[in-house]
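In what follows, subunit A forms one complex with subunit B and a second complex with subunit C.
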Partner chain A sequence: MSGTREKYQKVAYYPGCALEGTAHSYNRSTQAVGKALGLDLVEVKNWNCCGAMEVKNVDPKLQTYLSSRVMSIAATEMKMDVVMAPCNGCYHNLKKAEYDLSHDPKSVEVVDRLSKKAGHATYRAGQVETIHALDWIKHGIGEEGLKERLRGTLKGLKVANYYGCMYTRPRHIFPEKDQGPGSESTSKPHYMDDLLAVAGAENVEFPLKTACCGGAHTLSDSDTSTKLVLNIIRAAEASGAEVIATECPTCHSGLEMHQVRAEKKFGQATRVKIVYFTQLLGMALGLSPKQVGIHENISDSLGFFKEKGIA
Partner chain B sequence: MRPLAVIEQRLDALATLPALDPAVAAELLALGEEVLAHWVTAKGLDPTHEAREGFRLLALHRQGCTDEPSFNACRETCRELVYHYNLVNLEPRHPDTVQRLRMMTLVANHLFLFVAGKLQVRELGDFCCASRPLREAAAPPDPA
Partner chain C sequence: MPIHEVSLIRPENLQTHEQLVVDGVDVSGHWSTFIQSRAITDYNEAMQDEIAALPGGENVHRCWQCGSCTNSCTVNAINPDFNPRYWIYLIRLGMESEILRDKEIIWQCVSCNKCTYACPRDVVPEGVMKALSHWMELKGHVPKSPSMVFDEVFSEQVFARGKIEEGRVMQRFFKRTGQDLRQPWLIEMVKRMLRHLPVTMLTKLGLATFVAPSTSGWSRARAAIEEYVHEQEHNRRRALGLDGLIEAARRDAGPAAAGEGARS
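== the complex of A and B ==
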């Protein structure tokens, strides 16, 4: 693990579009936590969209190319070994592109053709390792390292950790997961639980950790999304959680928006707070609520964290 | 197989009960099977009566995933339903039984919401697998 720790000290940072918009608090808190932990983030130069789901729907190979370009820049122009993507969508798409380029000759051919046309080096599978923000902190600093740097505590805070669907699915694009002790699980992910527990949080038993939030249909089929989110929130509250910790901008904004909509449309009010795990970790590291962007979330949780003695 | 609206009413009723009997675990599992049977039937297949790892629910989920990878978005929800069923049945007098049944009701409800939503909008859950039917219907030429 020491080789991994060394490798994760300085990584190429791929925020993706969501972190420059609705998930700005995730961007802010990720960078602030990195700084507090002494981990170095170097933003990918001139990065582009990962292909999200829109491009993937039209042409999956074009999505593979777009994701490969990000990895190509990190590998060849920046000479980096690791790309860290905090957004589950970006993380998923880069991992999928890596898988396609390792297993599908047609994808290799299309990516090579488009890369030459665009005038940059063709990305070859294995040139970089793509990781999530959870991997970065879990292995880059480790639980002991995190403990040493805590300046506050999340003690007394009951948290339901919600990972969403793309962090673990489909399993075959995450070959490093399900590798026994120390590795992440695709059926019961636990990295976020592990890190927040080190910071003092009490993680509750939460059975809907990877359940669908209806994120992709939040505009086209809002009622289904609202009902799915409401059920996730109810399950979190029923399990005793005061906070739902998230690590995906799509899930996070869906949970926050549909929490409001559930009250307006269905008269179902809920009280659980929804925050990024990096915001919680940041406050435990002694950062102020503003430094981790609590004010940038949709719901106001500042008073709650002050009352709990965390902010 | 009861209509989805009837299943929904039953789940809503169970969710509002102040205390739940351990026998409800079997009913919740059966409701989950009925929900998956709706999905399998909508795909033009006969719902299986076989078991996988001892549970028809898991066999039905596997059947529902055939040529539909996005249906895996409810894989862990099915497994959580089975897990809670086992918890309640192995120790029905455990002090946490009522809480476990409460959570099991919410898990069953999530399975219902996902499948019912997917029956209306087939692409629900396709975020990770990206509109496979759309791709198959009109495979575009290679770019460039």
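== the complex of A and C ==
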């Protein structure tokens, strides 16, 4: 693990489109937490969209190409070994591209052809390692390291940890998961739980950690999304959670949007607060609510954190 | 193989007679309700191959009907008619007319990949659902679903500029699907956003809807992607035999038109 720790001290940072828009608070808090922990983030130069959940429905190999271009720049132009993506969509797509490029000759051929025409080096499988923001903190600092740097505590805060779909499914694109103790689990992920527990939070037993929020149809089939989100929020509240911690901008904005929609359209009001795990960690590291972008969330939690003595 | 979770007794096949006497026996009322027998003759024998020719559908032939996909399905939990296992069964048999009964809901797959996670045969049911939705649209059975319109609006921006801007995607999607952007819940959401957001951030968000973010030097990538998209569209239409009509018409029109076709 010590080699991994070394490698994660300075990583290529791929924020992705959402973190420059609706998920700006995730971007802000991730960078602030990195700084507080002494981990270096170097943004991928001139990056492009990974294809999100949409491009694959037009053509899956184009999504592989788009993701490969990001990894190609990190590897060839920046000489980085690790790409860190805080967004589940970006993380998933880079992982998927990595898998396809090491297993499917047709994908290799299409990516090579498109890369040559676009005028950049073709990405070859294995050139970089793609990790999530959770891997980055869990292995770059570790629980002990995090503990030493705490300046506050989340003590008394009841949290439901919500990971969503793309962090664990499908299993085959995450070969490092399900490898026994210390590794992440695809059926019952725990990295976020582990980190927030170190920061003092009380993680509730939450059965819908990897349930789907309907993010793919958040606007095109809103009623389905609202039902799915309401299910997640209700389960979290029933588990006694005051806060749902998120680690994906699509899940996060889906939960926030449909919490409002459920209230306005169906009269189903819920109280649970929705915050990024990096915002919670940041406050435990002594950062102000503003520094972690609490004010940029739709779900209004500033007063709540003040009342709890966390902010 | 029977599909247990799908009833073959359909309301429209049940016939009730107020008064019915058969061979002198009165079988009216409750007893006169019976299941109409039916014979299916319109199999599309190419259906499995057609689905397999579309992205995502490649492994449909591997299915052995265990039902893990339907059992794990997110959408099935809120709508029992959404049944991936059943549709894969129909695809493999080529029962086109049967599958068309569900044409309005097949596109509703949320791509959560629970089915792909659960599938012991690597069928990638999520991919099959996408291939099936595509097939419905390509064959003209359904208009483009709202989901496909969203995917296209999104992809167009990525292909054109390398990046997307969410506000712009949303506006275009609402416009293309003829929806009003001023929905009460959206207004409420923006109101809550405005409550704490600093002015600088708002200006940045507002500006992004006018000055679209883009990846610099993207034009060559754009040209390569557009060429590829065009080529794939052609391949898919050919795989589904949709260009056959045009070719037949050309042949019919005589050697002059055929020669023209050969030159282009």
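The working rule: the second predicted complex is superposed on the first by the 311 of 311 C-alpha atoms of A that agree within 3 Å, B and C clash if a C-alpha of one lies under 4 Å from a C-alpha of the other, contacts with A are read in each partner's own complex, and residues count from 1 in each chain.
The rule we apply is simple: a residue touches a chain if its C-beta (ideal position, glycine included) is under 8 Å from a C-beta of that chain, and two chains touch if they have at least 3 such contacts.
If you're wondering where the values come from, they're calculated on a predicted model, not measured in any experiment.
Peer 1: Evaluate whether subunit B and subunit C can sit on subunit A together after superposition, giving fit or clash.
Peer 2: When both complexes are placed onto subunit A, subunit B and subunit C end up clashing with one another.
Peer 1: Just checking: does A:165 make contact with subunit B only, subunit C only, both, or neither of them? Give me first, second, both or neither.
Peer 2: A:165 sits against subunit B and subunit C alike.
Peer 1: Is it subunit B or subunit C that touches the larger share of residues in subunit A?
Peer 2: In the superposed model, C touches more residues of subunit A.
Peer 1: After lining up the shared chain so the two structures overlap, which partner does A:307 touch, if you call subunit B first and subunit C second: first, second, both or neither?
Peer 2: It touches nothing on subunit B or subunit C.
Peer 1: So, does A:18 touch the first partner subunit B, the second partner subunit C, both, or neither?
Peer 2: Second partner only.
Peer 1: Classify the contacts of A:144 with the two partner chains as first (subunit B alone), second (subunit C alone), both, or neither.
Peer 2: neither
Peer 1: Let me test your reading of the model: by the given contact rule, A:49 touches which partner, first (subunit B), second (subunit C), both or neither?
Peer 2: After superposition on chain A, A:49 lies in contact with subunit C alone.
Peer 1: Return first, second, both or neither, reflecting whether A:227 touches subunit B, subunit C, both chains, or no partner chain.
Peer 2: both
Peer 1: Touch test for A:264: subunit B only (first), subunit C only (second), both, or neither?
Peer 2: So A:264 only meets subunit C here.
Peer 1: Just one of 25-33, 79-87 or 169-177 in subunit C runs into subunit B once the structures are overlaid; which is it?
Peer 2: 79-87
Peer 1: What residues on subunit A does subunit C touch that subunit B touches too?
Peer 2: After superposing on chain A, subunit A residues 53, 56-62, 65, 110, 113-114, 117, 165-166, 169-170, 211-212, 214-217, 220-221, 224, 227-228 contact both subunit B and subunit C.
Peer 1: Flag every residue of subunit B that touches subunit A in the complex, lowest number first.
Peer 2: 69, 72-77, 79-80, 83-84, 99, 102-103, 106-107, 109-110, 113-114, 116-117, 120-121, 123-131, 134-135, 140, 142-144
Peer 1: Quick one: in the complex, what on subunit A touches subunit C?
Peer 2: Per the touch definition, subunit A meets subunit C at residues 17-18, 20-22, 24, 46-49, 51-62, 65-66, 69, 110, 113-114, 117-119, 165-166, 168-171, 186, 211-212, 214-217, 219-221, 224, 227-228, 256-257, 260-261, 263-265, 294-296, 298, 300, 302.
Peer 1: Under the touch definition given earlier, write down the residues of subunit C that touch subunit A in their complex.
Peer 2: 55-56, 74-75, 78, 108, 110-114, 116-117, 124, 127, 130, 134, 145-152, 154-155, 158, 162-167, 170, 173-174, 177, 184-185, 188-189, 192-193, 195-198, 201, 205, 208, 213, 215-218, 220-221, 223-225, 227-229, 232
Peer 1: Considering only the defined contacts, which subunit A positions touch subunit B in the complex?
Peer 2: The contact residues of subunit A facing subunit B are 53, 56-63, 65, 89, 92, 110, 113-114, 117, 165-166, 169-170, 187-188, 205, 207-212, 214-217, 220-221, 224, 227-228, 231-232, 234-235, 238-239, 250.
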